[in-house]
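Next, two complexes with subunit A in common: one pairs it with subunit B, the other with subunit C.
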Partner chain A sequence: MAKPDHLHFFIDPNRCIGCQACVQACTECDTHRGESMIHLEYVERARSVQTVPVVCMHCEQPTCAEVCPADAIKRTGDGVVQSARKPRCIACGNCVVACPFGVPELYNDRQIMMKCDMCYDRTTAGRKPMCATVCPSQALFFGTREQIEQLRPLSVPVNRFQFGHQVISTRVFTMMPREVARRQPWLDVTAAMDERPPERAVMLRVLPSTPEATADVGDPYAEVLI
Partner chain B sequence: MPRVARERLKAGVSGLLTSGALAILIVIGSRNLQHFDAALVGYTFATLFAVFGITYRYAMWLQRPPTHMYWWRGWQVFTNPRWIGRNLLEFLRRFCLEFALNRFIFRRGVERGLAHWSIMWGCILAAAITFPLVWGWIHFRTVPGQIDVYRTYVFGFPVHEFHIDSITAFIVFHGLVWASVLVIGGVMLAFRRRMVDYGAVSVQQFGQDMLPLILLFAISLTGLLLTASYTWMRGYAYDFLAILHAGAVIVTLLYLPFGKFFHIFQRPAQLGVSFYKEAGARSEQAHCARCQRPYASAAMVRDLITVERELGFSYDMETARRAAHYQEICPRCRRAMYGLAQGAAWRGHAGVAPDGGGGS
Partner chain C sequence: MATQVSRRTAAAAADDRTMATLPADDRAITARFGPHRSVMTGVRLSTSVEPERLVKTHCCFCGQQCGLQLKVRDNQVIGFEPWEEFPFNRGMLCPKGVKRYLQGAHPDRLTTALRRDPAAPHGFSPMKYEEAIATVAGEIDRIQRTYGPPAVALLGGASLTTEKTYLLGKFARVCLRTPHIDYNGRLCMVSAGAANKKAFGIDRTTNPWSDMVGTDVIWVAGSNVAECSPITTNYLWQAREQGARIIIQDPRITPAARTCDLYLPIRPGRDAALFAGVLQLMIEHDWLDHAFIEQSTVGFDQLASYCRQWTPARTAEVTGVPERSIRQAAEWWGTAKASFLFHARGIEHHSNGVQNALGTINLVLASGRIGKPKCGYGTIVGQANGQGGREHGQKADQLPGWRDITNPDHRRYIAGVWGIDEKDLPGPGVDAYELFRKIDAGEIKALLTICFNPKVSLPDSTFVARCLEKLEFYTAIDFFLNDTARHADVVLPGSLHEEDEGTVTQVECRVIKINKAVDCPGDARQDWRIIQDIARALGRERGFTFASPREIFDELRAASKGGVADYSGITYEKIERRMGVFWPCYSEDPETGRPIDHPGTPRLFERGSYNPVARGTGPFYFPDGKARFNVAEYRPPVDDADGEYPLYLTTGRVVSQFLSGTQTRRIGPLVEQYPEPRIEMHPRLAARLGIADDDWAVVETRRGAITLRAMVVTTIRPDTVFVPYHWPGEKSVNRVTVAAQDPISKIPQYKVCGCRVRKAGGPPAYAAILEPQQ
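Let's turn to the complex of A and B:
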């Protein structure tokens, strides 16, 4: 069986609230049971609570597969780049360092690379991947183009990404502002080299923790003035 | 000459040379075909074809830029005079743990490990018995004047004698039975996993995953039936079973270079790569151009950049201030940059708030 052609994966990192539901749900997928393949990355933990969910983008020409010396990474006919084939993977870690999105993970004890395979056991049966099933903010959405266009009228899905001089097309889409995408229908990832998350919109001030001050405040949340 | 044609030519010549070398060894080992069993000629030609096919595919595989790079790097690191003693000991340790005991497969799952271990040792045992017999490298003869004593000849040289009613004889003459029992047990376990494991079911393919198991099962079962026929059934249907068995073996030999069984020849590269990784861990580390944290060995990053350029990828970043190549950024920063780039697109789009407030 193959993933139905009319169903696509859309990611909108801006909507991620860092709840970790996707991380937990991912471990239930049968193709990598017990291991979470999604990366929920804090973009800069010291400055911001902003998170970004990163799943395999399923590149049209996967760099991970091209640089694999064992020829262990294969893309199925429906465009899904599968985890390394277990009999072949020699656990060199080339794919881990080569992937432009930083997706594959190496498990040295088992001598195998594993990565998100879009919950192949579920998507080939027409179901949503586990992460998209549980995502409360729809930062991870699996459905038709019509559905996403209806849900996000100000965004358009793009599937081209620039890394230096290299442009990579993917099966997974990222939501971009419609007007920006009209001028530049791709996401320049390397342009964010010096990008930092925006300063906090809400400033917190911690009160002096003197015994008198804490004695006055019964509610621990009152220690912080907003 | 175009690159692909050159690679194919090299692979073809390598294949011809190896199968030619085997043909010569068959003639020498069987003493000018004196001890060659003509009934096994089908097996012999199938093995010659398999050797050609395996060498051809191996040579093509070795010419892929990443394989070529890491194959040579593995040997360079392994034969480094400074580390050769330690490497040899380490090779022995890994050979026993990872190859002989399949430790890394048992870590993926006990049932999977048991299945692979049984199939692997069953096949090794069967190959070690069958191939030398088919090629006429080993044959048995009764000792003149002692009709109940067998003498084993290897490459025409006598090496061992045993009584036909001894335990040694029983074990040796039933070697393929033990191999079949191991293979059938392993195949059953593998089939069970492929029927009940949803993860395996969703990604398995008939040609890649089921056919090899069916072939191994067919060989083992028909082989066992041959023994049953001549031991308990007075040779009932022996000829038919022999043809069936030969057919199963020959199809498997012809399939060797193309399907899943090719991993038998690819897999030893795992040992070379482990030495490469160890040498990398001992040497200079690459620090991320963005967060300055170490993330891989500098040698690995350099080799990867070379391979990517050979493959036609252009991750060069001429405009970047710190990194000249995207590979100089760690995977963690790549993930963060993806999120930051998307966020920046929204911020750069002044006057329009991201969707989410009800999709207005």
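Let's turn to the complex of A and C:
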């Protein structure tokens, strides 16, 4: 059985609340119990609660497979890039270094690379991937194009990513605000790396009860970043 | 009797400044009873073991009550599978729901009864279950004969099924004949409940969550939705996709606040002022539904005259929210065509908690946007059965069916159901904190707790611990030795959520069914059996001979009939068939008295709706059918920030832990996600104090000080620090919180007190000894 063609994976980092339900649920998947194939990180916790969930993007021309000297990484006919094949993988880590999304991980104890395979056991059996099923903000969504268009009128799915001179098309989509996608219907990841999470500047009256506390503020209403 | 002697001797030897005496060193108890962390091993890690069956049930933790399926094999829960058909969460879960199954087959699980035994290396010795029951009954009997029935008290909890909470209330009043029963919902839902009662005459969320999607504005007042009720996040985001603006009022930029449309960074404890200021702007701009106010409410003029003093400038001054944001909120709320407002502990955990909640209701009523599709109001219940657990009898002032224990008609009805004389039914008891004050005063001599860990969860908990040692007899029912139960004379091994069946009423007031997946291990029993065993040992088993939760539920249905929280038309079968039933659900049409197959009531207060209190005069649950505006007065917090303690300390949850952590601090993957409490503070404050991220720092209040690591982030007001409360002992922020309470609801003021913070000289002693979850 293959993953049904009409079902797709969509990521909307704007919705992510960093709860790690996806990470915890991924460790419950039958093919790799105890290990999570999802990466969920704060962009910069000191300045924002923004988090970004990363699953395998399932590239149409997977860099990981292209750099694999052992030809251990296969993309199945339904577009899913699989974990390294056990007899072939030599645990060299080329894929780990090469993947522009930072997805594959080397498990030294088992001498193998493992990564997200879009819950192949579930998706080929007509079920949704574990992470997208449990995600309480639906930052991770699995369904049809029609469903996502109907549910998310403010954003559009994008599956082209630019890393310097390399442009990658993927099977997994990222949701991009509609007005942004109208100008540029792809994501320049290299350029975005210099961006910092937006903060909220608020006119806030701080510590009214203690003169020394507001001494550095001058105006009792100070523009502080919160 | 021997236990009392050992208590007194030990207590006399104890230094007054130390924590109350335990039967053994705290760390020795921890070494034996945990919390230890469960991990995925054996069949739970195997990729080849298939479950024998999947049991459809719900999460054991928060009030969202997400549907899920437990994988069961060889009488053990070995994993979970999403339950995508359940309409509320459609398979979605937070990390707690995903990993909840790891609480079963746990090394810390109590499988025998325990007796306090200072001679034992870990403070407790196993005892035979029957002997334990006989001891408990013997001590209750002795203490009641010596001091009278009210000398025995019960504390229950809102994570219990409704059947259990009903049985506990009946047990207290009929078997023990004591007025002293209360529950941990006192720390959770009572401010919302009291406000709902005053304004609507009924205490529940008014709309199903699906009504959020399609509304114009959603105002979230004091709720860290993403961490405390994560599944609600998808409703919020979906509402936004359909055009709703999201307003979030919180001293911290929570994950939901990060991308909301309007963030109101309120200074802790100033919520009522904000609501009054917004209502004043609505009045000035005539953003009011005059027809609704005229026809369906009373009390608006008095409220309007109170609000007159709350000019935007003064509101900004008091609340710390910029004036332009207050005006923006008022305009969006005032001019919306459809709206939803919900609040949680952020505005309720205050000595002004009821007024804060009434402030939100006033905004809703003034807009007229209630009792219609896409127009609603709700309070997000914190605990699994925060709703059902407060309706059927374990609250000090209530009888089943949300009846009033001081109302003669209500008393007569329930006395009739219970087969007792109304004169023998005790009157109202006191709230959970006052109950400890009565222990301190020597009025209460014996205590039974279940599903409540007050040593971690009540404020100023050093006082609570001291009271526990003043008891002549204390028995706890639990599946793990929780921090409070360490003070017990006898511990009775109770049941985990997955070891019993029953009903729970979730956040939308949908009554749902918890299903049994596995049997209790060893001598552990289902809690309702333990309660009945005590009744039997006391020789007062009449009314406590139920053979199943279903039998208890059937009596509960009869007891609730005619009350506001009428469950009489709900059956286990109807719940399963309809994926939950919203109360009120009648067995007989309240208008005609004829038997009906009632579908339940997803949305309250619809125009033209009939309820048994108003009897057709209007949609609200008062004799005139009208809702009440209340003057929701702002009062500054007790123990406010001042020159000596210049910062605000506020407390709350993190997504991977739940309540006092009795369960979640035993689940390895959840502990790893957020291992230990930290002091969140703004870099501006941290710089002034010379504190860097990850440094050890001290939070000090008028009660004492705790030392934790700092977490320096811009996502909090610079005059406020936040500490999550799930940890015990030296990591417990409730050692320093204030025991101030709302005068009406008696909810503690967890969300604000004055504090000061300094850099610690070095790591605290516990850092080298304790594991993160201990």
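Just so it is clear, the second predicted complex is superposed on the first by the 199 of 226 C-alpha atoms of A that agree within 3 Å, B and C clash if a C-alpha of one lies under 4 Å from a C-alpha of the other, contacts with A are read in each partner's own complex, and residues count from 1 in each chain.
Keep this in mind: contacts are C-beta pairs under 8 Å (C-beta built on N, C-alpha and C of every residue); 3 or more make two chains touch, one makes a residue touch a chain.
Quick caveat, the model's predicted, so the values are computed rather than measured.
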So, does A:G34 touch the first partner subunit B, the second partner subunit C, both, or neither? second
Who touches more of subunit A, subunit B or subunit C? B
Touching A:N14, do we find subunit B (first), subunit C (second), both, or neither? both
Kindly classify A:R152 by the partners it touches after superposition: subunit B alone (first), subunit C alone (second), both, or neither? both
After superposition on the shared chain, which partner residues are touched by A:E195: those of subunit B (first), subunit C (second), both, or neither? first
Contacts of subunit A common to subunit B and subunit C in the A-superposed view 14-16, 30-33, 50-51, 137, 151-154
Would you mind writing out the residues of subunit B in touch with subunit A in their complex? 61, 64, 66-67, 69-71, 98, 104, 107-108, 197-199, 201-203, 260, 263, 266-267, 269-270, 273-274, 276-277, 290, 295-296, 300-301, 304, 307-308, 311, 313-318, 320-323, 325-327, 329-349, 352-356, 359-360
Given the complex, residues on subunit A that touch subunit C span 14-21, 23-25, 27-28, 30-34, 45-51, 128, 130, 133-138, 151-154, 199-200, 202-210, 213, 216, 221, 224-226
If we count contacts the way the header does, which residues on subunit A are in touch with subunit B in the complex? 1, 12-16, 29-33, 39, 41-44, 50-52, 54, 63, 66-71, 82, 86-88, 90-94, 96-103, 109-112, 117, 120-121, 124, 137, 150-155, 161, 163-166, 174-177, 179-180, 187-198
Looking at the complex, which residues from subunit C come into contact with subunit A? 40, 44-47, 79-80, 82, 84, 89, 91-95, 97-99, 226-227, 230-231, 233-234, 237-238, 240-242, 253-256, 258-259, 263, 265, 267, 316-317, 320, 322, 324-325, 640-643, 646-647, 655-656, 669-670, 673, 682-684, 688, 693, 712-719
